[in-house]
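Read through the structures below before going on.
Across the two complexes that follow, chain A remains constant while its partner is chain B and subsequently chain C.
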Partner chain A sequence: MSKSTAPKKRWLISQAELEAWLDGIANARTLIAPRQESGIILYRPVAKSGEIAWHGQTSRSAHGGRPVLSVKEIFFPPTERLFTIQKTGQEIRLKETFPDWETVVFGVRPCDARGVKLLDALFLDTNPVDSFYARRRGNTTLIGLACKELGPTCFCTSVGGAPDDAQDVDIMLYETDGGYLAEAVTEKGRFLIPGGEWKETTASPQQSTYSGQFPVPEKGKWPEHFNDEYWAKMSERCLSCRACAFVCPTCRCFAVRDELVKPGEFERIRCWDSCAGENYRLVAGGHRPRAEKGERLRNRFFCKFFYYPEQYGLGAASACTGCGRCIEVCPVGVDITEVLMHLEKPA
Partner chain B sequence: MNENPMLPYLGKLVEVRDLAAEIKLFRVEMLNGGGEAFRTFQPGQFAFVSAFGLGEAPFGIANASGRGPTVDFAVARLGSVTTGLHELGEGDIVGVRGPLGNWFPMKKFKGKNLIVLGGGIGGAPLRPVIQHVLDHRSDFETLTILWAARHPSLLVFTDEYDEWRAAPDTALHLTVDNPDEQWDHNVGLITQLLEKISPSTDNTVTITCGPPIMIHFVTKMLQEKMGFAPKNNYVTLEARMHCGMGKCGRCNLGEKLVCVDGPVFNMEEVGGLLETFL
Partner chain C sequence: MYEPRIIAFLCSWCSYTGADTAGIARMKSPANIRAIRVPCSGRVSPELVMRAFDQGADGVLVLGCHIGECHYDTGNHRAAKRLPILRSLMTFAGLEPERLHLDWVSASEGERFSKIAEEFTGDVRALGPVHWRVNPDRKQVASQMLAASREAIPYPETDCAAKTDAIRKKARELLANNQVSCVIGYEVSRRGRSRPVFVYTPEETGRLVWNPDCTNNLTTYLPARLRPIKGKEPPKPVAVVVKPCDSKAINVMVAENLYRRDQVYALGVACEGIRCPDGNLQTRCVTCQEAVPIVCDTLISGATSSFIPRLSSYAREEIAELQDATPAERLEFWLGHFDRCIRCYACRQACPMCNCPVCLYERDDSTFIGLGIGLNEKRTFHLGRAYHLAGRCVGCNECERACPMNIPIGLLNQKLAEEIEATFDYRAGLTVAPSPVVTILSGEYKEG
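Moving on to the complex of A and B:
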């Protein structure tokens, strides 16, 4: 939990006040919020609060209000142009464009906010700074929405999170009877809150009573499981479809390539990729490390709980936020919570 | 560095020549800010080279900084980027991003006997080591080069062998798996050649690059048959990479990233990794 010295300012607002506020934000800058698109909910720009998918906001069931993709895609989009290449005869010109809009994201769940914090460790806190991610991150304010209950695949409480964890957002909203308790978490968040219009309160949000669901192996215990036969067995059904990485708030592997825009003009792009993919490690000449599915899935789980924390200085924390999206989308029922519980079983 | 570290410098190809079958040497004159970025680099470092419109791929820098200011790359035609590079000629523009990664600790190697073992195009990132030693010859004791390829037509830098052989206290041993009629050197795997030479471990470090399977058996032989301490067996490893800066996640060997923790490792470090490079 963040230890701010000044007491946190809080306000009680009604649904109507919240909507009016969001409408005002949407008028002045880009507002991104959960929105229905092609039958699913995604974080998308909304022109007014009426476009927000409110339904199911309190229920995080698979078809509830939580976007199918995490908030990761706002800072690290599935495909991003790194620069444009213009070729005229022998002449080459490279043109750069950076994202430069001010954005407010509404409805960020604590697990997704935690995911952004974990990506910061790689893209912001480890040199060189990723200029695209840094610009988006700096220009974005996160308005969080605490979860009233855990969804069927949620396990944030097992990996150090909580459904009402406010530490990684700028403003946190807690649902109350007939409205919301709004809390300014950061200066950036405070700046967005309308001064005299909202009714200040000394009330505290009701603390979540959910606690840890199951023990997760500590970081230091992972290496001893590296050669377990379990990985080959548990991955037999894996289709290498990579959906788990696509929906994951912290999977960040990417590929870089050039795409034709029009004759003489190309874009160098980066796009999401995943270590679960068959040709992910293929090198020219045909050498293909991690040829087996078990080796690839093992890498994914080790990345979350051992490699990434080691590489980017997370200390004892893991790089899994417990959002459970990978469990929801896996077509063959690979379940990360089963993996964690298996590793915790006495040998 | 550019604000966008993925933006390459432009470089002009000032020389393109065949090095071996399907392998070309590209000599790049860096343009604009690239000249400063590549003013000095270390043996073992790598860079991404762009064939604009197709993409970029990582290559070990194939010359010593002191032989610059141009930068050399040896490129085997294998995938789409390398095929695109092979279609370029002198005067064409490529992108170069780097220098990246760690390097062979040449300062630490001072006063030591060096054994350099290169297999096929794996010789390319070792050429800067050889050049550095030749250019600072009195800093090092003996230099023994074991140079191998599947076939004589795949041996790289053949036109430089005379320069290497002529250097004091320097020996070059060649071997191929499949000789042709003109071949009058060793025949067989580099491990057979190594066994024949059977070097002493005394004040000696080895530097190996080649296919993973070759690195595996060479370092195994050095340790098990010749008694080398793993920390004196240096290797440079290849892995698929898309950024070279520890971001894209592709090149991990367990908890280490080949791009930023390597590509140069000693075998003690490699042995401590969870994953093998094979």
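Moving on to the complex of A and C:
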């Protein structure tokens, strides 16, 4: 479902050609791809294409091949050192360390690519620009892989995405009979494609199967639900862990702290944080504005469907990409689609 | 020549004075020892020892008064119970056991202090530098799961309809008679997933179900619901659906004064096992020894019960396999797994025994752990949590199930459960008795 009007350049390649190409990329740059690790699939650096989990079904993952964590962790890692502080006598020296390597990410699903776009809005497009995120983002090329159909917890089509949406990646791959259809979406992507070696084609990719769409409440409808009793009720089972936020491609809260490395040396680190945790809004004096877990969980949904569009607009209906990871990891079965359906049509 | 750095926690009354005696008598003691004076060896909490290793200590020596001579009566008993358990945990995680030593030195035993210090330093020196603390820039090395030497057991066909009916009937009765304010049970979501549900009226009891996917340990919701709040009426009893493994948690919580036994109405289900998403029995069920709940007010049993203990003991084979490995291999195994941790705390939050108001490892002013999601912090959290569960973990293994990153956390808990059983002949939750390595400071359960 390419939204651009200009005809895209496309190539038809075999699995062997694709693997050879990826091997070449892995030799020259850092290649990150879905890889199986201890029974789950994660985006991890791979040394050769043979390490990639192509359609790996694991006992833990319902959606074949979808990594447990989104590509968010590549641009916005769980923990990042912002700078070190060295104190010698009266002198204080700050030292920044910027990530500086060229990375190619293979196997990015459209929902994850959209998540990166949504993160761009606040890390790149809103001042001040986050130089750490910007550095990683600028050095990274995204190779997308269209999903043929929606997985059991997926709902991207309900929140404005599509399993074959190519607009947020640099190169898009579609599975076809006996191989892949590659499409250069951006200049950066075009640069990676070996010109003469691949066979150009005019064929169009086969459309993926769309299924299970449901209506999602519009932004304007959210405020009226703020004081609903529903939040306290639906969150009763919530354990206040942070798994949903940490697997989410667009949850982006972080905490910053200075910590001692060794006497005389400190570092300022930032790491993931989540509004689901009990300490998230603890303020000086011990007050907790969101003491109840219903209030905290409500914040998660409001953040996705009201606060984000309100703050960053961009025509994005929501900061939810419909990847369904939060549904899959929740230990107690909290289900975002249930919340949306309830708000759209209160029972 | 390599000289180890050794942290010695010395009890102020006996051992510190003993060290002094050695000094006054001009006896030779190794200069490797950095003494930290503590009021009592019972004050040396496992977190302090772990922190010392996390900060790069090559060895930790804990010295207290001889048994029977503690100036606080039983402080050294506490040390004598705790530290061997801590040592076995850290050994399991890859530390050489010789690096942690507990001994007794009285104020007059200067010579004994000097001898112990000399020997311990020699032992640690022979081991060479410690590899416990991890360089934060360490390259990621994944650990694979241990090869399952045991074949997966498919979930047996069982009839759940009778149990579902029995749960609904009893729940309706309890709510109609106003015996409980709420029934915590399982429901099936629109998506077909079994999950916790809270039922407050007899009309809603139709939502309650029983099936082989009812994995959650619902007792984890109890402490918050049964905690008395000042100025408010004491909370009414709550009914909870429990499996045999879950039910043991009630005994531990009652022993720890989190609520009274009469505040909980246990709907105990005779359980044939719970299955994984792939259709096989969960690990905890393979080693399960209880067909019916230990804590139970009404037994929910189906028409036929097909429970067969699958193994003759609770033991998990992986533990023996890991114990046969070298310390370096164990260290790598655990680091490779902890590397995946994202500190989402799903394990802790799912755990009925993790019910501290604020977790020691999440306090803003915690001196035991940083904020980062780095390897050192992650290991400290997991080992610390495992230690805090020693003799308290009932083996429901919900932590491992809840982990989105598939970290075999349950192995740590199981290892300590085995250790506690071997040392104290005690298994958590079989009776209302607190863990032998836990000291409960608050007295009885108090109203308001």
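The working rule: the second predicted complex is superposed on the first by the 323 of 347 C-alpha atoms of A that agree within 3 Å, B and C clash if a C-alpha of one lies under 4 Å from a C-alpha of the other, contacts with A are read in each partner's own complex, and residues count from 1 in each chain.
One rule holds in what follows: a residue touches a chain if its C-beta (ideal position, glycine included) is under 8 Å from a C-beta of that chain, and two chains touch if they have at least 3 such contacts.
Predicted model, so just to flag it, every value in this text is computed and none were measured.
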item: Which superposed partner A:R257 touches (first chain B, second chain C, both, neither); value: both
item: Which superposed partner A:R242 touches (first chain B, second chain C, both, neither); value: second
item: Chain B versus chain C as contact partner of A:L282, first or second or both or neither; value: both
item: Which of chain B and chain C A:D164 touches, first, second, both or neither; value: neither
item: First, second, both or neither for A:V68, with chain B first and chain C second; value: second
item: Partner chain in contact with A:F123 - chain B first, chain C second, else both or neither; value: first
item: Common ground on chain A, meaning residues reached by chain C in one complex and by chain B in the other; value: 255, 257, 282
item: Contact footprint of chain A on chain C as seen in their complex; value: 140, 142-145, 189-191, 193-198, 216, 220, 276-278, 337, 340, 342-346, 348-350, 358, 362, 364, 370-374, 398, 401-402, 404-407
item: Complex contacts: residues of chain A adjacent to chain B; value: 82-83, 85, 87, 90-92, 94, 96, 98, 122-123, 126, 128, 130-132, 223, 226, 252-258, 260, 266, 268, 270, 273, 275, 280-285, 287, 289, 299, 302-303, 306-307, 310-311
item: Interfacial residue positions of chain B with respect to chain A in the complex; value: 1, 3-8, 10, 50, 52-57, 76, 78-79, 82, 91-93, 95, 211-212, 238-240, 242-243, 245-250, 252, 254-255, 257, 274-275, 277-278
item: Footprint of chain C on chain A - complex, ascending; value: 37-40, 42, 44-45, 59-60, 62, 68-69, 78-79, 152-153, 236-237, 239-243, 245-247, 255, 257, 259, 269, 271-272, 274, 277-279, 282, 327, 329, 331-333, 335, 337-338
